[in-house]
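Each chain carries a letter (A, B, C and D) given by its place in the written order, and its residues are counted from 1.
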């Protein structure tokens, strides 16, 4: 019997090696695999290349990993969000490398990595700093830039429910980068809020089929994930 | 109030013009928009370019449209399936053009058309007849061929349930090409088995968000769609 | 008389047609939903995979799994759907989103947009700004007419790094509605009590005054919200 | 003694490891599921967007919306999922499917595969054959060793149009199991009662006999199905 469940996050991230490339899902707090990232902080691998839309928040999760000096390079679209102080500090000191990618190009490059696409042309970025030096060509009268696929050694994602086969579903806005990142790494590790028996997830509603997933860990949510106070401030 | 429902298939396909490019969803019988294609046969537009995985069956649906001499060119991966006699006859007489595309490249080209991608590189086909004359380049040590996006004037798809906003869900294997083709045409028309009130379809389970859909028609299924006799023969 | 930030949002909201699919950026655009008339069905898209964004969540009723692109807790309208980032950016980059309203630091007379980076800014970030600017046909800017030093933001040529060239169609500000045409800027509307000359004085690029140029139709207030300053 | 078509399918089934994700082509590969031991969890993929294909549907119990890539009515196993064609071919072209077993008209000593088109054939069709051949690492061919005229199908060089160059890893036939290595063909197993010489006689390309070459472990029958001819 196939059983992809793993008892602890530490066990799940045990094989991450120095210099590994790691995708981390999530956008805002929904869908962030915080417990896996915290386990990775404890695990100790360094010199990491992280692919993630944001640079984390404060001193926990990805923000903490960066603060610990464990990330050599970040590939992201919006690393300067409020709270991403660890990244900002290191970046200003020249101690972390940044590859800044438009968000749509970022997800498309990850999808290309997962789908066996060698590269693609997109108009996004042509004539701007972010396409400087990149190969372009005119297609149907529009200049487009050639973008390359992204692929990782490990992908850390968060889902809502999962089963022992690795089938996953996401609640509401948890989905974001997670199902696409799940296609684009050698080892894909998912933390889930609930582990359910095989057959529980509706076959038309499985967002990430188990084929893409190597390990599933049930977690309690990180207490910092939900911060309605901030939401209330934002509304003012 | 937005209401994308249309009373009849004839009304839905009324604006198809001579020379139009038309995508037709479906794989096998699941997800084939037979009633829309039948309405298109009656509607009369000719010189059509059809993008569809198969060439239809016998003398109804897409097979009938081809038999009626209305299709100038077919873009397909498997136009020679059993029953595609209309296509085979015309092709042998040199009266219909064929652009044969590997199935994975076909869906990827359609997705590119819908996603604003100008072109992409894939290894599929390199060194074979189907990539002959196409531009290639070596990426990460592997030769890849440049493929172009596909985009249509009209897309005809079939879904299981739909609402007045154009939100759609598919049952089982009905999904296939349909949700991707729904992103890649100026006008997207869906026939559905059931029309349901807005809010009925679960927001995490909507496979085609209404943004992609222009018209929804409730139909009774074409009687030829389900042919278990053939299935039984196939099992022998 | 000028419009408040809410007044600018109100004016944009009036122009969004029923059935439009709209992505709203940070800044003034986030104020627009308040002014969308309930009887007009308009679908707000959030780049993190949501179509059918509703009002902000009530305090205490926030769902931890439901935020918009600005990471604010929101609700969904009936008929909403959620999806992954790839499909979300298919909507943007494939041109399916009918309207995008974004903030800007500079707009040039030819439609060039600069809204992602101030030169010398310490840590850059782009998010979905470029995807929107390259992907959406009806790209509208909603912003204050001048910057916080009083200098024009509508220029002959952008000085900041571009988000995208020749992409902006219309500019809604606290004093004017300007359309960007192949022949340059056309002044369509001015804030009540101002005239074309006053707008030109705060605009570096030359404005052509439309034959039917008129006052912006924005009331003094709307359900207790001040629209004119 | 040779294997029946079912015997070849049986032999392939023995080599598919638990947890594998397998795409099965038309011809002999469609017979494989019958021989997958129930205690081994193996996930059969169908290119039309299904993972977890189960047995054929019982007559009268067919679901009109559920067919496999060969358009036969099927059932699904517990834990199965359905998805669109783009994700289905992400699984294939991204190399996520661990094994593909396909039929072939010709295989060359260097792993070249020809299985999509006979030259001079009237109407061509390719389906997903090329995507599989280019995308899947463990590409196995299951076929009869010779064609219906008795001529070898394992050749020095393919004469039919290629599906993909250098893609086949193993060939399972009614008389042998042959591995394709950078140094050419290696004969790993022969049908019971035959020897390497007999296999070479029906193979155009030269075979190197593995040191541990042995008889194919295929019983005479399995649950009443004849496996040896």
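Criterion: a contact is a pair of C-beta atoms (placed from the backbone, for glycine too) under 8 Å apart; a residue touches a chain by one contact, two chains touch by 3 or more.
Worth saying up front: this structure is predicted, and the values here are computed from it rather than measured.
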Pair with more cross-chain C-beta pairs in contact, given A-C and B-C: A-C
Where subunit B and subunit D are represented by their mean Cα positions, the distance between them in whole Å: 29
Centre distance in Å when subunit A and subunit B are each reduced to the mean of their C-alpha atoms: 33
Intercentroid distance (Cα basis), subunit C paired with subunit B, Å: 36
Contacts with two or more other chains, residues of subunit C listed in rising order: 76, 82-83, 86, 89, 93, 135
Residue list for subunit A, restricted to those that touch at least two other chains: 108, 111, 115-117, 122-123, 171-172, 175, 203-204, 207
Which pairs of chains touch, using the document's own definition: A-B, A-C, A-D, B-C, B-D
Contacting residues of subunit B [partner subunit A, same complex]: 108, 112, 115-123, 139-140, 142, 144, 148, 169-172, 175, 202-205, 207
List of subunit C residues in touch with subunit A within their complex: 46-50, 56-57, 59-60, 62-67, 70-73, 76, 82-86, 88-89, 92-93, 117, 122-131, 134-135, 161-165
Footprint of subunit A on subunit D - complex, ascending: 18-19, 21, 41, 43, 45, 51-52, 76, 78-83, 86-87, 89-91, 93-97, 135
Residues of subunit A that touch subunit C when the two form their complex: 27-31, 76-81, 84, 87-88, 91-92, 98, 100-105, 107-108, 111, 122-130, 160, 171-180, 207, 221, 225-226, 228, 230-232, 234-235
Residues of subunit B touching subunit C in the complex: 1-2, 111, 113-117, 163, 165, 167, 183-184, 198-199, 203-204, 206, 209-212
